[in-house]
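Got a structure for you, written out below as structure tokens; questions coming shortly.
Residue numbering begins at 1 within each chain, and the chains themselves are lettered A, B, C and D in the order written.
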Amino acid sequence: MAEFINLALLALLALTALRIIFLKDLFSVVMLFGIYSFLSASIFLNLDAVDVAFTEASVGAGISTVLMLGTLALTGRKEKASKHSSCLPLVVVCVTGAVLIYGTLDMPPFGDPNNPAHQHVAPRYIEESLKEVGLPNMVTSVLASYRGFDTLGEVVVVFAAAIGVLSLLGIRRQKDELVADTGLKEHRVLHVIAKLIIPLIILFALYVQFHGDFGPGGGFQAGVIAAAAFILYTLVFGLKRTFVVVSPKFLAWMASIGVLVYACVGLFSMFKGGQFLDYNQLAADPIAGQHYGIIIIELGVGITVFAAMLSIFYAFESQVERSNVQ
Amino acid sequence: MSFVLDYYNYWVVVFLMMTGFYIVISANNLVKKIVGLNIFQTSVFMLYITVGKVSGGTAPIVTEGVSLYSNPLPHVLILTAIVVGVATTALGLSLVVRIKRAYGTVEENEFENKDDAI
Amino acid sequence: MTVVLSAVCITILIVMALAMARAFNAKTVYDRILGVNMFGTKTVLFIAASGFLMGRPDFLDIAIVYALINFIGMIAVLRFFEYTAPIE
Amino acid sequence: MLILDIVSALLLIAGGFFGLSGAIGLFKFPDFYTRVHSASVTDSIAVILIMGGLLLQTSFDINTAKLLFIMLFLMLTSPTASHALAKSARHGGLASMAEAKMDEQENNNNG
């Protein structure tokens, strides 16, 4: 049954990608891209990558789609007909595709336990991580402990991207420039329901943040889900009212604090006499030290991702509202 | 049949990758190009996760009574790659917005002409 | 029970395919949004049902995220749709 | 235990049936507003039935709570989304079938 679901979902995914090529209405392209992300998340789930499915569903489908829609509101939704002939790209793509298909024939068969990928580092993670780190979720142990330095790099990349977007677009801080009642003000039912479910979303984000050690989830996903709650608030009630709740300046502080918390854990373990990000030094018992370390750095990741994603959204949304005023 | 099942995932990955590639090189509109880039990117994610799957295995979260788990390493790599991917997408989209403001268009051939005029 | 769950999974897959067909070829843009929305809610059900089918129902968190993001995406579409003139 | 299984199977099958009928309605109904009707009403009932069927298979643990949460969430958001969509369509000037017919008749009378 799992194989059948895999076949069917991949076929639907290929169809969606094919349809996106021929659509000229960019609004529809972005909506189909949302479907594409959802489908690929279901495929990840079916291939046992629970955490990846979680991230793709929240980050890929949610944030990218919202940002693309915001861009379309600024750039217009019609793609003009291209004047180039599409012959040359088609030939290039077909030749490259044929070469790659030829290359796949040398790949190990799908799902074989004797594949080279499963021989080298993975057995250690699978067999030892419960003893060494003490968390049931191997993905979290590898992410936060074994490859903690790598994850620090990723968090810095997210932080840098937020700085990049803010320096390119900037958030309008003058309150007068924003209209008092933007957002979907005609939709009364939406106002009531949004007020009802936003607390539920934040609650769920906290659950994901702190349950990530035992089930799917963790800082990246929790940060995005918490940001999604405020994005929903902005979409329904307008940017001006959201600025009262979470101001852009506060977010800038939060984003840096998250990275600093992460890096400080590393420095603290060095101070205790271990290597950078060596959590065993954080407490007398190595396992307890690992637990403290992972909880704190996941919190740092969550705070940074939340602040970075929300400020990126603020930047786009303030552009949209400004262009709407003019 | 088992030959097809063994390689089906890889073929779909190649197809998606080429679809994304085609959109990137043939589309005229910058937003559509970014959508193409994202499709390309997702196909790479799919390749990694396909490699990490073990038949009969289950998700790499320790539970009682399960001994065969899928490979957790590709999952970690892709999890962070997705978040970074969104960060780069956001940066690309903000560049598109700036291009629209500077040139008044996001169609590739149109602002190329304007560049010549300047 | 496995038979029933498989049947339900396949039915939901068919419904997803139909909703997708609606989103691919729609007379108005609203029909397209409707198809996308229906696809989203049916995916939530699919994930829940397939979790029980595979015998590891502890991944329902992902279904919750789907439901949540689907709603937010829908609201975002309606919100930004106001700023763009319809062409269909 | 057996009775619970049978009830759960019945609920699941009924849910699948309603989902399918909604999807067919998406193609068969004549105008947008009737299509919203077919999609959203069957959506709600399919959610209740399928989630109910799955609830009977849990052994009252955290999965039960999560299923209830999903159900509550979908019951709140799915009708709201349909309502907002229909309202936007109305606001955007999309005519229903009856209105389109009336317009046509008026044009015929005038012409």
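Heads up, the rule we're going with is that a contact is a pair of C-beta atoms (placed from the backbone, for glycine too) under 8 Å apart; a residue touches a chain by one contact, two chains touch by 3 or more.
Owing to the predicted nature of the structure, the values given are computational and were not obtained by experimental measurement.
Trainee: Measuring centre to centre, with centres taken as mean CA positions, what chain is farthest from chain A?
Mentor: Greatest centre separation from chain A goes to chain D.
Trainee: Between B-C and A-B, which chain pair shares more contacting C-beta pairs?
Mentor: Result of the comparison of B-C and A-B: A-B.
Trainee: Go ahead and note the Å separation of the Cα centroids belonging to chain B and chain C.
Mentor: 21
Trainee: Please tell me the distance, in whole Å, between the geometric centres of chain C and chain D computed from their C-alpha atoms.
Mentor: 11
Trainee: Using the average of all C-alpha atoms in each chain as its centre, how far is it in Å between chain B and chain D?
Mentor: 32
Trainee: Of all the residues in chain D, which ones touch at least 2 other chains?
Mentor: Those would be 69, 73, 77, 80, 84.
Trainee: Can you list every residue of chain A that touches 2 or more other chains, as numbers and ranges?
Mentor: 50, 70, 72, 76, 184, 187, 190, 197, 204, 215-216
Trainee: Out of chain B, which residues touch more than one other chain, so two or more?
Mentor: Residues 58-59, 61, 63 of chain B touch two or more partner chains.
Trainee: What's the complete list of touching chain pairs for this entry?
Mentor: Applying the touch rule to all chain pairs gives A-B, A-C, A-D, B-C, C-D.
Trainee: Would you tell me which residues of chain A are touching chain B in their complex?
Mentor: My answer: residues 3, 6-7, 10-11, 13-14, 17-18, 20-21, 26, 29-30, 33, 36-37, 40, 43-44, 47-52, 55-56, 59-60, 63-64, 67-68, 70-72, 74-76, 79-84, 86, 89-90, 92-94, 96-97, 100-101, 104-105, 107, 109-113, 115, 117-118, 121-122, 125-126, 130, 136-139, 142-143, 147, 150-151, 154, 157-158, 160-162, 164-165, 168-169, 214-216, 220, 224, 305, 308-309, 312, 315-316, 319.
Trainee: So in the complex, which bits of chain A are touching chain C?
Mentor: Per the stated touch rule, the residues are 1-2, 5, 8-9, 12, 15-16, 19, 25, 27-28, 31-32, 34-35, 38-39, 41-42, 45-46, 50, 53-54, 57-58, 61-62, 65-66, 69-70, 72-73, 76-78, 183-184, 187, 190, 197, 201, 204, 208, 215-217, 221, 225, 228, 231-232, 235-236, 320, 323-324.
Trainee: So in the complex, the part of chain B that touches chain A is made up of which residues?
Mentor: On the chain B side, the touching residues are 5-12, 14-23, 25-32, 34-35, 38-39, 42, 45-46, 49-63, 68-76, 78-80, 82-91, 93-98, 100, 106-107, 109-110.
Trainee: Could you pull out which chain A residues touch chain D in their complex?
Mentor: Residues 184, 186-187, 189-190, 193, 196-197, 200, 204.
Trainee: Would you pull the chain C residues touching chain D in the complex into a rising list?
Mentor: 1, 4-5, 7-8, 11-12, 14-15, 18-19, 21-22, 27-28, 30-31, 33-35, 37-38, 41-42, 44-45, 48-49, 52, 57-58, 60-61, 63-64, 67-68, 70-71, 74-75, 78, 81-82, 86
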